[in-house]
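Have a look at this one.
For reference, chains read A, B, C and D in written order, and residue numbers begin at 1 within each chain.
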């Protein structure tokens, strides 16, 4: 079989740069173009390509496009891609929520392309069967990926107490905030600091997390989500605090995770007693999880990814592999 | 009135160095000696003193000693100081727990000086009246200080739901682990990393936090405490997740904190909508707190200190001021 | 004598924030206003003031203005201040070069106010007598301050070989690049990196350094200057490599520096064998210098400042003190 | 052809860990064992192996050993390997100097195995023909590799002025100091700091650099070498300042480097006007060089490597490839 011809839109942002790196090394992919309006004409790092402006990218030359574009621009380009009979892996937030109403509630603007909803949600470990052969997939955000993988086995067996909130204290490296300069990402503001932001239920990813979690167990309580900006470039940790119902004792949780993720190449469950740290996942394509039983009905879960890899670019490639019916981990391990 | 003659034991560790700096600039203190067995004979930074070995420090020359010594050595020296009729501010964990039994449960070794227990617990904002004029005070640890100040107003009005745990996700700079070299504090191990450790209820400070919290409200649930080693040198954040009972609605919590801490010079409550970040507290002598009402019965509290200041050295000096009946904030603002 | 009424223009940039902090704690200064067009209406950190727009600042209310403004805007405001009979301490580059021609050569734009040139150059340790009582002073840049103090004693005794270049390999924290967001100062671009820039003789500070150095010894060779962006927030190190002529042997250089700087409160010369590190100077108002004789005619000098303090704000206040005829170190030690 | 069976001694230090990672991914190598006395019995990261104590490693099972051992221990093991008819790639300093006298002058201790000297010096871009098929190779230190590659083309054409020193201002990440805990590598000592050490001519690598440089051009002046500890984990930059003789003008230097390194897969010369930064080389196996003509006879060179890769582990593997007569870049690009 011949190679998959791929194009990256938004190839000079942080997720786009990782996409380029992964696709360039992928044994079945020919990276045909990478777009960047800002860097048009400059070399695409690590490749022989030159960035082209978005408008000059030719859909005829590719089998698939991967979109690391700003919101709204992404949905537009997804529509164009589908119309040109090209598969589309979207990395933006445009297509992650199932309904235009949910989108408008989280993003405070009408949905740019309601006709594309609902789009299959590209978290393969949870949703694999919906992704195989799909024409369009919405790759989840970094916080939802890391958190949902940390919750999934407990959701699966409906072991979470419905009367308590799910507490998610999350910490993300600065690349999660994008490459566009702002005071928020200025070195001197972040360095030596730790900054909580959009705490409680105000972050846009809360709706996405609850939507997907409730598809698996619709009786869970609300998610309380407090992200922090961490003074590192890469890496994301979701520290999850769960009250269990009577289904399971906390001492059984580790076995449950080990079993459910036993066959997953891109999720590692650490041995009991070890803690998942940022370094376990940074510059890898994996999610790494540790479990600490605290009290019989209380469990602490540390779930870690590289926000630009399993939290973005490598998961997009994992989705692409599924969409083309090839080995899901090709180019990723 | 003449100056207070002070001596620092353990003056070359990180807390000891901050003690020296604060006492050296204190308008009412004469810093007479600072001990260090490792650096004996070398200059004490920022002063005209030379480190003396612990054994050479002369109790006759001072009115007060401040102990930044390892556990067990600290209790021994406290006994010696009291016997020499010198006031003692202990910064170690030796005297923070009220009973030898509690000590042995947390530290897995018999208490070195049960005759010193219980010692007044030196958290002035909560316990001020027990510290005024005291001969011996146990300065709390950095995690308990930051967490208890974050909880105090809710404990005071018994507003915390008794059926839910108190979740404390904490993050500390590396100086909290002391100056003794180890792989844990090796630059290359900590850099770009975030490391959870002693999660759940296994950290030694859990007993201390629960002891003091329950003196104020004995009906609270267990504290679940997950500390993380943060790749910065200074600063400590306790992110606290509370389920409220019917006493208060979460929208009332900010006013409660503003009122209770309104008269405190060393605790700042930020306006609603602002988040307490590490930089709010680092290199200050304050605890800085922000409140986020999440749901009517759920509140998120970010409580931040400099682990070496309000979490250690400056709080020790605040205690010393109280013990000598002088303005509590002298040398600190 | 009554207090000096001072106003800060550009009070929300990094140098401006340090100016505010130092002036607020200065025993003889009343800080009357701090301007910021971006943050107008917001609180000035650490004070009871509110930022006012530059246009609303009232020259009638102050005795002195300190200008931490962008180039060109600074010269305009200096003119306005002098016209209003207010003393002016400029921190910009507008008034550091003696002639409009030199300015145009370095900055590639005509000088905005040639009538103000030449302005006394505010490096007190070298130029003190020209600053006492002055109405207008140009505070040097961070690189020239650190480098010139590292060179001064050798320039003074004309000991530098005229046939060799003076090599200055410099490293600066990111606040030196200002607070305006840009890709250059984006956390993820700087973190874990070390970036040489404007190497050789292309940095604008080269002209300023050579102008001042040649006033002391007009026979020195060219300065070769390679600055690097260091992944820290504050601190500046100039590593200087000097070939000596026959005047002195490298073994005599340390004594020379110790003697010339012996009476300076804000310059420390370390004992032979110790190296000046960034931490020696950060968050202090000092320049710290170490000397290493390498070969009889070769010496290495490490000169370190906090780029926002002795490299900017605290030196401006030192100049202000001299202009008002009060103790030069007031508010600074 | 069958695989090369390799064993790593000292597999738990930082260079050893990178050796393991590279060899594990090498298409022609079977990694048979990795030794660690400290971590014996624990898993070798990223592999299915378990660390064995050095004494238990079986030379019979391997074709080559790579030694990331402390000085002296390394020479002993090299002897043992050769006696067992196994090829040896040494990464220590034991075999880099040609004579026991030179060793004793730099290391202040008699050489442990003078019979092994001189050993071929494993810098392939300079010394390739001596390495092909060799039984024993001494891999250079990180500072010499980076500096010598930065100097080589100018040495080759004898273009360096003999009357001036070669100035090398170098900066290294903390892994260069090894994994053994010490106050020097304590996070809180290094963080936010920049520390010059062993400046001038006192660092042990000066002798190694001059020995190899003078083999190419024996008329150069002395090397003045000032290393700095940089607050990052990986990466090494040598900033080199050269006075040229009349052979070449500085404007010709870039072409010279581009030509000499044109065929080298593991040395990149950046286009004129670009500066080699730490990020160009970190986590790659390359040396990246930029050239700045400063004045007709003055040139600035920035040469950068990952101190654990081209400065240690990947260069060792490059040497191993040459010793076995296979493609030098196998497993490295």
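To be clear about the criterion, a residue touches a chain if its C-beta (ideal position, glycine included) is under 8 Å from a C-beta of that chain, and two chains touch if they have at least 3 such contacts.
All of these numbers come straight from a predicted model, not from anything done at the bench.
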Q) Greatest Cα-centroid separation from subunit A: which chain? A) C
Q. Where are there more C-beta contacts: A-C or C-D?
A. C-D
Q. How many angstrom between the C-alpha centroids of subunit D and subunit C?
A. 39
Q: Let me have the rounded angstrom distance from the C-alpha centre of subunit A over to the C-alpha centre of subunit C, please.
A: 46
(Q) Which positions in subunit C are in touch with at least two other chains? (A) 192, 231-233
**Q.** List of subunit D residues in touch with subunit C within their complex
**A.** 164-165, 167, 169, 171, 192-197, 199-201, 222, 224, 226, 228, 230-235, 237, 239, 241, 243, 275-279, 282, 290, 292-295, 298, 300, 302
Q: Quick one: which bits of subunit D touch subunit B in the complex? Just the residue numbers, please.
A: 14, 173-175, 179, 181-183, 185-188, 190-192, 231-233
